[in-house]
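There are two complexes below, and they share subunit A, which is joined by subunit B in the first and by subunit C in the second.
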Partner chain A sequence: MKKTINIPYGSQHIALLEPVRFQFETQNEKIVGVKADIGYVHRGIEKACTSTFEYKQIPSVVARVCGLCAITHSLTYVMAVEQIIDVNVSEKAKYLRMLMVELDRIHSHMLCLSHTAENAGYEALFMQIMADREIIMDIQEAISGNRVQFDFVCIGGVNRDITDEIVKFIIKSLNELQPKIEDIFDMFENNWSLSLKYKGIGAITKENASIYNALGPLARAAGLETDVRAESDYYPYEKIGYKMILEQTGDIYGRNRVRLREILSSIDMIKNILCDIPEGNIIEKVKGKPNGESVARLEAPRGEIFYYLKGVKQAMLDRVRTKTPTFSGIPAMVEIFKGQEYGDVPAILASFDPCMSCTAK
Partner chain B sequence: MISAITKAFSNLLKKPYTCNYPVTPVIKPKNYRGLIKFNDEYCIWCDKCEKVCPPNAIIFKQFEDGHKVYNYNPYLCIYCGDCIRACPKTGDALWQCEEKGLPSISKDAPNDDWFILEKEAKQSRENYKAIKAAKKKS
Partner chain C sequence: MKKIETNSENLKDDISAFYDYKIWHYITVNGVDLGDKMEIQYLFKKYGNKEEVVCYFLTMDYEKEIPSIVSIIPSAYLGEGEVVDMFGVKIKEIPKGLLLEEDSCQAPLRKAQ
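Let's turn to the complex of A and B:
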């Protein structure tokens, strides 16, 4: 008879970023079975959206689901509402929205990279990346007026316009950031002791990534081509020089590389956006009450985010459903853990970039 | 790897990234979203700001003689600026300043008094409606 030991990891743990519980079934040091339990930070936001708040107030409510994805949550919701009540957003508003989403992607990826470094035992690298991340936070504060809660998008467009002064500030800051990212890239690529913690650990094959529905950087690191930016044509990503970034290894090292290359490509895209922002209104007038159903999806930093709405010609919606990337990615995460060493778990988990406040809502 | 090591040592001689916050003030960007300010001289009492506010941080209390009193809870406010955009007299009656909201301490009783006020305001409206209806009948 096989002898296995169950080790709980979470809901509170020294190397755990957010409250989630994994039950690892281990044989010596090797993991043979995993059970995941989410829902420690459930706040009932979906219910509140249909019972307390009117549909025009919800962009501010869903922005508070998660501090990192504040812009992607409210933007996806707003896109879904605009489909129901037939509002055409101006090209300028679309460009400003893309600008904020790409900035969000940069700072979210930097946070993930810093945590991966910390959980592999590199406290100094963690501090360095977090300090460099401040540059992006400052840009977002200059555009939207707040560091974390942007409240930038609204139904029909965006709330604030961008000035020449801010454009100059963004370009100056991004030029400052780019060499720093290249330095970090060099560190992740060539540091021998970091490669011991990352290379070949937590790997997933392309087939398994496809079977277990991996998404976002997790899938792209394994070579699976999934990216909402390429699949939908709602935003003109091709015009601003979007390229899908793929790696073939599928391990922590591959995921880090995907994130670093995406940061660099996002910096280029932001520079392109700033060069050709079209003229026009930033906000359209909104009339009427939502009647019907709609779905919207967007590429958040962690993968595809999905909203389903149902309105019945009232100020309050009938149903708001959010499907967040971490929630969809859990089967793939569980699959990756099997066969790994228990000691590698913190680094593997950090490389997934899990966001539990999104998942539990 | 060598560049990383040299960088680590050169960092010892550099100033820290962080600033000594309460002593040195943080530089806020232009148009920072701060507290909401109100001037009752210009207000037309349309209650639009109250209706759009997501956390209900603005409440108008109705008095029997017809006039209203504006109440604002800076601890509940999320500084989204929806009230400013809804206001027909933006800039004169209602505007957003660049002053940062302060955290509350238990002495301020930010919740308890506010919840009592919320109930009172609701009740005051109903009373006013009833008085108006009674006047019409008579």
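Let's turn to the complex of A and C:
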């Protein structure tokens, strides 16, 4: 029997700035077993949503589940409430919501790509991507007034309208960003050193992605056709040119390609949204109090966000359940690590784009 | 959401007969405190399909132990572990401590707390 060594990775680690701990069991450099400990900073947001805040206040509360996908959390919650309350959301508000969700996807994917580059030793590429990401942060600030915690979505619509000047600014900024993304894509695609760190590393098969319920880019990089945008009629994604991005390799390289292609796809979709924003109100009056059960799903940058609500005709909800993509992705991550070289852990982990803020909601 | 009732005796058989990992995306396990008993929900969505979410659910007394579905859906240990910690229910072979420490407030989402 070969000797095994247990190596703790986190909860404080130079290559893992998230409160999660992996316990790797290794034989020489090969990982033969993994345990994940995610219970470090549980914040009790579900409890707060049913004991402290009224249902109209909760969009701002659940936005604090995660700084990166704040808009998708508040929007998924709002979509669930709107099913059990008397309100019809205008098409204009739906378009503005889609606009913010796709902007969120771009900046989140760019953050992940920058970290992946950093973990392959490319500090300069990390800084270049982060600098280019500022273009999206500026657009988000122009639309919502905030760079991170937008509080843009509310029950019945959105809180701010978009002006012609902002539309022109967004199109100008996206035209500036697009060639920069193509340059980054070229670097990820053709740089020989990066390919050594990414190709064939941290791979998962389509079958295992399905067995372990992988989500988002992790699943789509393995060829698993799952994307909430294609599984719901709530938002007119087909009208704005949505196409599911799939790769087949299932490795870090494939995940990077999915994210880069999704960024370019989101840029196209945003331009289409801006061309087609319908006339109408941005917010509708909300009547009554939520009654009954509802569920809502939305495709966040990391995969499916799911909310379950139960209302009993009170201002305070009876139950709010949040399911985040990183939480669901842990079993697939653990499976991917098995058989990998320990030295590849930082790059593999960065390619998962884990968000422990979401997980410890 | 399409709800289908089951019970602790038939849970594993029902999920096993229903669930095919190539067709169904397992979303999560959810707990709802009904005031005098618990409702445990198992939520699924068909891949690449716009049909509604399917929810298998059972109701149970607080102190009763129910079986785990990990042998059918390996990734369900997280959702079940969360329900165990947050509501203090008992699920066979699912230990406490996934999210909460021993000295944390126990079963914080239980209404009687």
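The rule is short, and it goes like this: the second predicted complex is superposed on the first by the 359 of 361 C-alpha atoms of A that agree within 3 Å, B and C clash if a C-alpha of one lies under 4 Å from a C-alpha of the other, contacts with A are read in each partner's own complex, and residues count from 1 in each chain.
Everything that follows uses one rule, which is that a residue touches a chain if its C-beta (ideal position, glycine included) is under 8 Å from a C-beta of that chain, and two chains touch if they have at least 3 such contacts.
Predicted model, so just to flag it, every value in this text is computed and none were measured.
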Check whether A:319 is in contact with subunit B, with subunit C, with both or with neither, and answer first, second, both or neither. second
May I ask you to decide whether A:101 touches subunit B, subunit C, both, or neither, giving the answer as first, second, both or neither? neither
Going by the contact rule set out at the top, does A:84 touch subunit B (first), subunit C (second), both, or neither? neither
Look at A:327 in the shared chain and tell me whether it touches subunit B only, subunit C only, both, or neither; answer first, second, both or neither. second
For A:131, is the partner it touches subunit B (first), subunit C (second), both, or none of the two (neither)? first
Dominant toucher of subunit A (residue count), subunit B or subunit C: C
For the complex, which residues does subunit A have touching subunit B? 53, 56-57, 60-61, 64, 124, 131, 134, 138, 141-142, 144-146, 149, 151, 159-160, 165, 183, 186-187, 190-192
Residue ranges of subunit C touching subunit A (in the complex, touch as defined): 1, 21-22, 25-28, 30, 32-33, 41, 43, 45-50, 53, 55, 73-75, 77-79, 85-86, 97-101, 104, 108-109
Residue numbers on subunit A that touch subunit C, as the complex places them: 38-39, 42, 44, 46-47, 50, 210-213, 224-226, 230-233, 293-295, 297, 304, 306, 308, 310, 318-319, 321, 323, 327-328, 330-332, 360
If you look only at subunit B, which of its residues touch subunit A in the complex? 1, 3-4, 7-8, 17, 28-33, 52-54, 78-82, 85
